[in-house]
Every structure is written in structure tokens, then in C-alpha cells.
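Take a look at the structures below.
Shared between the two complexes below is chain A, which pairs with chain B and chain C, respectively.
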Partner chain A sequence: MENRPLEYDYTVAKMFMFTTIVLGIVGMSIGVFIAFELAFPGLNTIFGKTIAEYTAFGRLRPLHTDSVAFGFTLSGIWATWYYVGQRVLKVSMAESKFLMFIGKLHFWLYIIGVAAVVVSLFMGITTSKEYAEFEWPIDIAIVVVWVLWGVSVFGLIGIRREKSLYISIWYYIATFLGVGMLYLFNNMEVPTILATSPIGETDIGAWYHSVSMYAGTNDALVQWWYGHNAVAFVFTVPIVAMIYYFLPKESGQAIYSYKLSLLSFWGLMFVYLWAGGHHLLYSTVPDWVQTMGSIFSVILILPSWGSAINMLLTMKGEWQQVAASPLIKFMILASTFYMFSTLEGPIQAIKSVNAIAHFTNWIVGHVHDGTLGWVGFMIIAALYHMAPRVFKRELYSKGLMAAQFWIQTLGIVLYFTSMWIAGITQGMMWRAHDEFGNLAYSFMDTVNVLHPYYALRGVGGILYLTGFLMFAYNIYKTMSARPVEESELQNASPMGA
Partner chain B sequence: MFHWLEKHPFFFAVGVFVVIAYAGLIEIVPNFAQASRPVIGTKPYTTLQLAGRDVYIKNSCNSCHSQLIRPFKAETDRYGHYSLSGEYAYDRPFLWGSERTGPDLHRVGNYRTTQWHENHMMDPAKIVEGSIMPAYPWLFKNKVDLDTAYAEQLTDWEFFGVPYNKPVPTKDGGTITVKMGKSVAESHALALAEAKKVVANMHNQDVKDAVARGEIPEIVALIAYLNSLK
Partner chain C sequence: MDINTITAYAYFFLTVFLVVGTYSYIYHLYKNRKDATGVDYEHYSNMALKDDIGDTPVKPISEEKAPTKGDKEK
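On to the complex of A and B.
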């Protein structure tokens, strides 16, 4: 009795695994649809002219970005937290009724929040700020959900048996603090129901409407300090938390270097926040902020590559596993895309490059090689690793997983190559002058030229979505199979053919 | 030190917070001390223009159109004078955008007319061959939410000191006073008077009839806003 291993409780992790998959499918489907809207504008009215208002690109674009960022990715982060947290802190959720209650409340309030977001964005209720489109009532709900997660994190840490915090925990703590700080400051707004007219009328207009606390240039500065670092603390920091746990676990290899992980963690924390200014190059924000943004973006290569190299070197001497296991393939390609994306970003942040890249599809390409390649692949790998342990079953099909890997990889490659060509073409055409110093191309010339790239990008999206559906099917079949695993699994996940 | 921090979560969290908050303190806070002052010629939005701006936001026009002209010859040739910080002094939120799927709109009021917008919004591809912009026929039917726009205007005036009913300088050396209604009823009357001037240049009979009845379709407010971008 005394020596029995800990039984971890994965109830909440399972709930978030479910939303990771469902919201992933929703968000990626919308993405594919709006990608094709740009290639074939006739699609704007494909669901009928009467509801065209709700299917136009502008209405759907925030739904796409928010459902993949705050639906798929956040769910993935939380699914892994409720799995990894217990295991590295050596404590079970079942030991605390309070934390179990908080975990479930966290999940259900999140679901309510998601529903509210979907309805409000479809209706066009938005503050217009990218990745912070929600009006103040939803902002308050989001803060509550976030605080609940914080209670969960620090609550579990509070009752831990393992006194030393594992690297993944550092990153989860940083995610909690970083997003909390950014979200609060960027969403400072005054609800318009507080206004009183000169003759004393109150309660005028829509109750949920608000006005930003910041105006113009300052508003832009705060928004991109947020927007850039939402990428940092949603798409980078927690994903690094995942790979620090799942890659060593799945491969049975120890992390290559503790010192390198220290350097990358504290380096990333310090440097990332400065780089937001690179979204505002040649804008009206002060020049020194722009320069700082550029410089720190380049410095950012160091901590980013530190983590990625640490991961790749963890596989030292065990590279045959990459060939043998599709699950390891996902993680190795994820860290490779992480390196790739964190090199591409700084290049785009150099002022002279940014002059061409800004406002073009190259930026869209950059975001997607990071999110599809790094974030998407890492979350998929994490869920694949968790499934046999959570459901106590062998993964349904290794062949399907390998096929998914190659289909999605091809999708990503099509996506970013088409957007690179599109972006650089656009950027060069906008600035081209003829021999008399007149603009060489009309704006429409630069739109017409993009058609094949828009179409190709859509195809890339379809491939990625197809792979994701294969993933969903594989997990579903794993769940519904006969239980086979009795004891705690070490290392490599068992997979059916 | 790091080993110690890793065993003390509270101090670890404090450490992380200090390290991440530092950049914001240095980069952002000083700029608030010198919040951009409006340049000469920049004036607050009227109720109708604010309502149109809300229509612009509701349809996420900023997903595809920027409002930021960068200081390059190619941009000033195409869109006009590069953007100045003070020109955004009354923009809450800012609408710079991050993509130019369509052209920049920061000075669209200088080179497009009411009639052009009217035709273009109804069927962009008919006016600009090859355009991939969706048609926006619902703007001609939906009624604009003037009450909310008025509440927004009041908030600007009450909480942020936007100079309504006060003279602001214009480029020709004179001054202009942008009026804000003292009551909901007065704000409606002012917006309707402005809407009538806009529809005088429109040809859609349904829209003209609606304004004659005292109702303002979204398209009228949107055009009033776009025309104000100069």
C-alpha cells in the first residue's frame, strides 16, 4: 500500500483535450474557407446572399484567429497543464477536492466564454484590436477564467511533493503571468454606458460598447506590445513547456543541458517583451522604440535557438527514433520550425526588410510557419503522447499518424512558400517606379498577381486540415478501443500498426 | 541563485514578473507622458462619423485595409502625405491595420467621392475590375446605431477631454467647431442633418427615402466617415 505509485487524475485534462480537437477543427476550417475567399471572391455569397454579412472575410477573420489561438492553442496548453503539472510536481489532482473543483470550473467557464466570443464576433461586436477583439463583459469573463487557471497552477504547486520546479513549470508560470499582465493593460477601456449627456441622460446605446483608454499612436504601441507578446506567451512559452516535458518522456532521453535551459528561459523572458516595436516600423511611434524593437528581435534569436538546440541535442545518439516513431517526428519538426520561424521573424524585423515585408502576405506566411509547424505539431504530439496514458489504450494507428505527418508537412510547405512569393512580389510591386519616377503598377495589378498564390495557400490549408481530421479520428479510435494498458507507461507510446 | 528560485515558487514568479514587466515600463510609459497632440487641421469626429467608424469596425474593414502611410516615395505617390502621429489623436481605437489586402485608406477622403463609395460598396468588382473585395449590400439596409455612437462621443468628451463644442484650428488659419448634441434627441437631429448632405450625392432611392423618413442606413454613416479621412 505504502509503495503504490501515484494515480494521477486526468478528468480535466481530458475535457481540454476534447476542446483542443473540436476548436482546432472549427478554427482551421474557417481559416481554409477565408483563404479561398481571397482566391475566389464568389465564395463570399456561397451560403446565400442573405447571410453574406456573416460569412464575409472581415467578419470571419477574427473568428479564425481567435479560435485557433484562444480555442485550439489555449485548450492544448491547459490539456497539457492538467497532465504535466501533476506528474512533474508529483501530486494528484484527486488529492485536493478544491483543486478538482477549480479545474472543472475553469473548464466550464471557458466554454461559456468561447460561446460568448463566437456569438459576439459573428454579430460584429468587436473592439477591432487583433487578438483582443472582445468587448469589456467578455474581457472580465476572460480574466476570471485566467485567474482560475492561476489558482490551479499555484494551488498544485502549493501541495507538491517534488520541491524543485521542473523546467516546464517555469514556462507555465511565465505564461500565466505574461498573458495576465498583457491582457489587462491592453484591454483598458471605458464602457460607454458610464457616459452622461450634458442634460443628464444616462444608459445610452449598447451596454457592451466601450472606448479604448489609449488614443492613436499610444493605442497602437500598447496593442502591439500586447499582440507581439501574445505570440510570445501563447505560441511560444507554453509550447516550450510542452516540448521540455514530452520530448524527453517519449524518447527516454534526458534534457541535453540544464544550463542552456536556464539561459534560454531567462533570456526569453527578458528579451521578448522589447521586440513588440517591430510591428510598428516606419509608423508614427517614436523612432527609438522602433530601433529597440528591431535590435531586440535580432537578439531574440539567441534564447529561441537555445531552447530549440537543447531539444535537438536531447536526441543525440538516438536519431534512429526520429525515423522509427512518427510521434518523435512531430516534435523534432516542431522544434525545427521553431528555429526557422524565430530566424525569419528577426529578419523581417530589420528595418530595410520590413519596409518590403510589412502589410504583405509574407507576414501571414511567417505567422503560419510558426503556428502550423511549431504550435500545431507540438500540441498534436503532446496529445498523442497523452492519449495512451489518459485512456489506458494503445494508440490506434501508427500508419495513420505517419501519413498525417507527411500530409501536414506538405501543407505547411505549400502555405509558407506561396505566401513568401506572394508577399515579396507584393512588396516589390508596391514600391516599383518606372524610368520617369512614376509608380509602375496600380494597386489592382498587385492584387491580380496574387491569385495563384492565394489558391495554392488554400490547398496547403486543406492538406493541414485533412491531417488534423486524421488526428481527430486517430484519437477517437484510440478512446473507443478496448483497454490494453494496465500499468504506468514509461517512454515511447505504444501504437497499433 | 537559480537553484534557490526553483525551490521557491513565489520568488520565482516575482522574478519572472519583474523581468517581463521591465520592457513595458521603459518602452511604453514614457510615451504616455507626451501623448500625441492633434496637428493643425485634425478635428474630432461627429456623431455620424463615429457611427460610420463603428460600422467600419463592425465589418472589420481593418482586416484588409491599413490607415498608415509610411514615409516612402512609393507610398506618398500612391496615397498622399505620410501619416503623422497627431492625426490619430482622436482615434480610439487606432485603425492602422496589419495587412494591405486592399489599399490604404488613411486619406481616402481626398480622392474618392460619395458616389464612388456608394457604387463600390454595392458591387466592388463592377467598379474596380478584378477586385476581390466582398459586396456589402446589407449596409444599405441595416440602420446605423446612433445611440451607441453618441454614447461613444460623450465618453470621448467626458473622460478624455476631446474638444467638442470648442473651436479647433484649421489648416487655413481659421477655426472650426465640431458640435456635439446636448441630448440624445439633439445628437440625432445633428446626425440627420449631416446624413442629408451625404445622401444629396447618392442615387439609391431606398437610402434617400430612409433618410427622408429620419432613419440612417449604415452606408450613409460609413461614407461620412470615409469622406472625413483626409
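On to the complex of A and C.
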């Protein structure tokens, strides 16, 4: 054993790869099911009226959003951190028993947290704040999990051999600090058992219930500062970290401009945190906050496109690789979808556009072209790149991967086009009125019109889920595929036919 | 001057400061091309491309700690 050469240790990375796939399947399956519930409401009671409470849209929706955001995506972020972190810092987890212990503890406490979230949300226990539904005991557990990840990040940096921190590490650190700050401030809450109501009642509610420390408009402001920046620091910043490592590595090309990556980083950090106000246009928050939210959202195009264009230009002169490798296809389409959704978002944040878009399905479409196209594809590509290296096997099937790519791309296109049409139709119908100012349509009129688009969205979801199951199968079979020599792994991932 | 006016001025000057700071940073990066230790910024891409545990770091944290071929075979 003593004579074994020093190697990177991917134990913790493998554990998080497993949860990325499992929680991805769970979250996306629930998503497809509730998409069809909207199209065919009878599905709410398909498993019988006695358990309808657990299968209704309202109960399942937070389970969908939380399992894809904090299950699939966070697991993907951590799987890649425990892989990329070691490699660009040139230090192995095997060199520190302490960091290995922290990494495993991080994983197992996360699993306990996930179990607590699933059970409590199924039971209907919620703070009712979107993407922050967890009650205070779970919040405390999540803070502990987060701190453990921080110990891993800064611990590994502390024992590194490479003095400079690669750009991906900057983005991982920003994820850690950003989410930490947002989560703490938005989840400031008082357990109801400790509170006294205005009329003097005490001992209110169950022990695990809580109320937000903020009220009214302030609560809304903090919530959307958090909500929008959860998009920033869970769906953008760490995914940029991934593409800055995996695309150059898989293609063997140096980043087009390292300098551009540095200034896009600072641009993104400065601008993103101010944009959350665009969720509260035409509400009771001060007008200048709304205007600021709009303006910063538009400025956000610059740093976002700075990173995305940097990635596309990295492939300069090497576009034949995009045609040849489905793995590169996933990453190039991911950065294209990144450009696309970071243009769409600012357009929706313009006040006059928002007057039509707000509360409609166009917003849902926007979120999903970002998450399915950018986040989903990038995490899938990252795991495909990692699999041959952590399992020391060639990827089971290139053909299956290519088929998955096209099926999922078709799924995304169906998803966002149907939601665009649905959203704009909805927005226009809500606003339509006759010459006396009477509304032209009732709410039910819009529901009837939207039915085909809801059904189409469900089909898009099924296609994406099908592709994800193909991905899971491909990774599973990779674990027993043909072993590869270490030297084959420099750049392009080895793939079976 | 009431607190709202002060906040407005503070916000304005902070924005100006950050805009000037960002543009100075861009100018600095592209004019110098290399950082204070003389490494061309573009060479930092090699941290991803040459990331085997035995590869030589772009900028080793110390000469002793840099893994060498011998280290790898140990």
C-alpha cells in the first residue's frame, strides 16, 4: 500500500454523483406529473381521494422545485467540487484524513437533511416562503451542512500545491459565500412557540412552526432578494464554475480569454445581487427599488454573455469537435441556453414587458429553458466527463448519449415554446377590456385556452425525463464497461459505440 | 440634508466608484497582460488543462511542496 502512487480520491465525488442522478429522477418525475395535473386536473385524485392530500399540485410543487434545485443541482455542484477542486488545486483528498472525514460527514448529513425535507413537505409542513419552505430545525441542519462544505472548500485550498486559484474555484467560493449570506438572512424566523400574538396569546402552534422575522413588503423584498439570487448562486455561478473547467478540459482547448473570465466574474458578482427587485414590479415596494431591479437586470446581460461568449470562442477553430462529440454538444448547447435565458430574463424585467409577463406561464418557460438547457445539460455533461475518470471505465455508449441529447433538446424546445405562447396569451387575455373598461375574459376563459399548451409542456417534460433516464442507464452501465488506461484520459472522454 | 438625500448621494457615488473601478481593472488586465509575479494571465488556463497530480503547477505554492515525478512514484 505504501508504494502506491499518489492519486486523486473521488470517494465523495462518487457519492454526490449518485444523489445527483437519484434526486434528478425524483424531482423531474414529480415535475412531469404535476405538469400533467395542470393539463388534466383529474390526476390530482388519481390515487384515490383518501390520499389526494399528498398527490395534489400544491403539495407536490415545492417537492419538485426543491428536489431539482437543492437535490439534483446542489448534488451536481458538490460532485463536481469534490472532483474539480482536487484537480485544479493539485492536491488529493487522500492526503488529509480530516478533509475526507468532513467530506463524508457533509454527504451523510445532507442525506439526513434531504430525508427531513421530503417527509416534512409531504406532510404539508412549510414556512410558505417559496424555495425556503423548510422549518427552522431543518434550516439549522442545512446551515451545518453548508458550513461543512465550506470547511471542505477552504481546507482543500489550505493544503493546495497550486498557488493561484483557477477561475472555477473563484466561482465555487462565490457560491459558498453567496448562498450562505442569502440563506441566513431570508430564513431569519421566530419559532411560534416563543412568540406572543398582538392579543397576548402564547404557546402558539407546534414546536417546529415559525414565522418570518420580517413582515409585509419587507418580507417580500427579502424573499425575492433571496429567491432571485438563489437563481444566481445555485443555477448560475456554480454552473459557470463547471463549464470553465469541463469545456476546456474535454476539448483540450485553453479558455479563449482568461482575462475576460476574471472581469466577467466581478461584473456578475456586483450586478446580480441588485436584480431581485424585478420580481416585485408593480407591487408595494418603493418605485426606485423596482426601477433599480429592472436596470440591473438589463446590465446583467454583459457579464453573463461575457462568460458564455468566452466559452463559445474557446471552441474557435475546433467546431468539428461539436459535431463529433455528444459530450461537447451538451456543453455548447448549455452555454447557448445560458445566453438565451440571460437575454430573455432582462427582457421580462423591463417594466412594460413585465406588465404582460408577470404571473404568466412565460416566467415558468424562462426558468425552464435556463434550468433544463443550461443547468441540466451542464451537470449531465460534467458527470459524463467525470464517469470514465472516477470509475476508470470508458463511457458505455456514445450512440445512447447522442440520442439522449436530441430527445432532451426536443423536450426543452417543446417546453419553452408552449410556455411562451401560453404566457403571452394569458397576459394579453387578462388585460383585454371593452370600451367601458370591463374585462373581456374571465379567469376560466384563459384556463380553457391554455389546455393544449399545458399538455404540450407535459410532453416536453416526458421527453426530458426520458433522456435523463437514458443518462442514468448510461452511467450505470459505464461502471461495468471496458477499463481504460490512464493515459487515454488526457482530454476527450473515451466512449463505447 | 435628510437621510434619504444622503442615501441617494451615497448610492450615486458608490455606483460611480464601482464603474470606475471595473473599467480600471479591465485597463489594468489588458495593459499589463501579466500579474505581479510575471505570469501571463492566459497561462492560468493550464491549471485546468494540465491537472494531473504529477503535473507541474503553473505557480507552485513552494518549491518543496510541488509534486515531482519522484513524488508520484513514491
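Basically, the second predicted complex is superposed on the first by the 472 of 497 C-alpha atoms of A that agree within 3 Å, B and C clash if a C-alpha of one lies under 4 Å from a C-alpha of the other, contacts with A are read in each partner's own complex, and residues count from 1 in each chain.
Definition applied: a residue touches a chain if its C-beta (ideal position, glycine included) is under 8 Å from a C-beta of that chain, and two chains touch if they have at least 3 such contacts.
Quick caveat, the model's predicted, so the values are computed rather than measured.
Applying the stated contact rule after C-alpha superposition, one finds that A:164 touches each of chain B and chain C. Of the two partner chains placed by superposition, only chain C is touched by A:8; chain B is not.
In the superposition on chain A, A:190 contacts chain B only, with no contact to chain C.
When the two complexes are overlaid on their common chain A, residue A:174 makes contact with chain B while staying clear of chain C.
In the superposition on chain A, contact of A:433 is made with chain B only, not with chain C. By the touch criterion stated above, A:262 is placed in contact with chain B and with chain C alike. Ranking chain B and chain C by residues of chain A touched puts B first. Once chain A of one complex is fitted onto chain A of the other, the partner contacts of A:270 extend to both chain B and chain C.
Counting contacts as defined above, chain A residues 163-164, 262, 266, 270 meet chain B in one complex and chain C in the other. Partner chain C is touched in their complex by these residues of chain A: 3, 5-8, 87-88, 90, 92, 160-164, 166-168, 244-245, 248-249, 252, 254-255, 257-259, 262-263, 266-267, 270. Partner chain A is touched in their complex by these residues of chain C: 18, 22, 25-26, 29-30, 39, 41-49, 51, 53, 55, 57-61, 65-67, 71-74. In the complex of the two chains, the chain B residues touching chain A come out as 2-3, 6-7, 9, 12-13, 16-17, 19-24, 27-28, 31-32, 35-36, 57-64, 66, 68, 70-75, 77-78, 83-85, 87-103, 125, 128-138, 145, 147-152, 154-156, 158-160, 181-184, 187.
Residues of chain A touching chain B in their complex: 37-38, 41, 44-45, 49, 52-53, 56-59, 61-62, 124-130, 154, 157, 163-165, 170, 173-174, 177-178, 181, 185, 190, 192-199, 201, 204-206, 209, 211-212, 214-223, 225, 262, 266, 269-270, 272-274, 276-277, 279, 282-286, 289, 292, 296, 355, 358-361, 363-364, 426, 430-433, 438-439, 443-444, 447-448.
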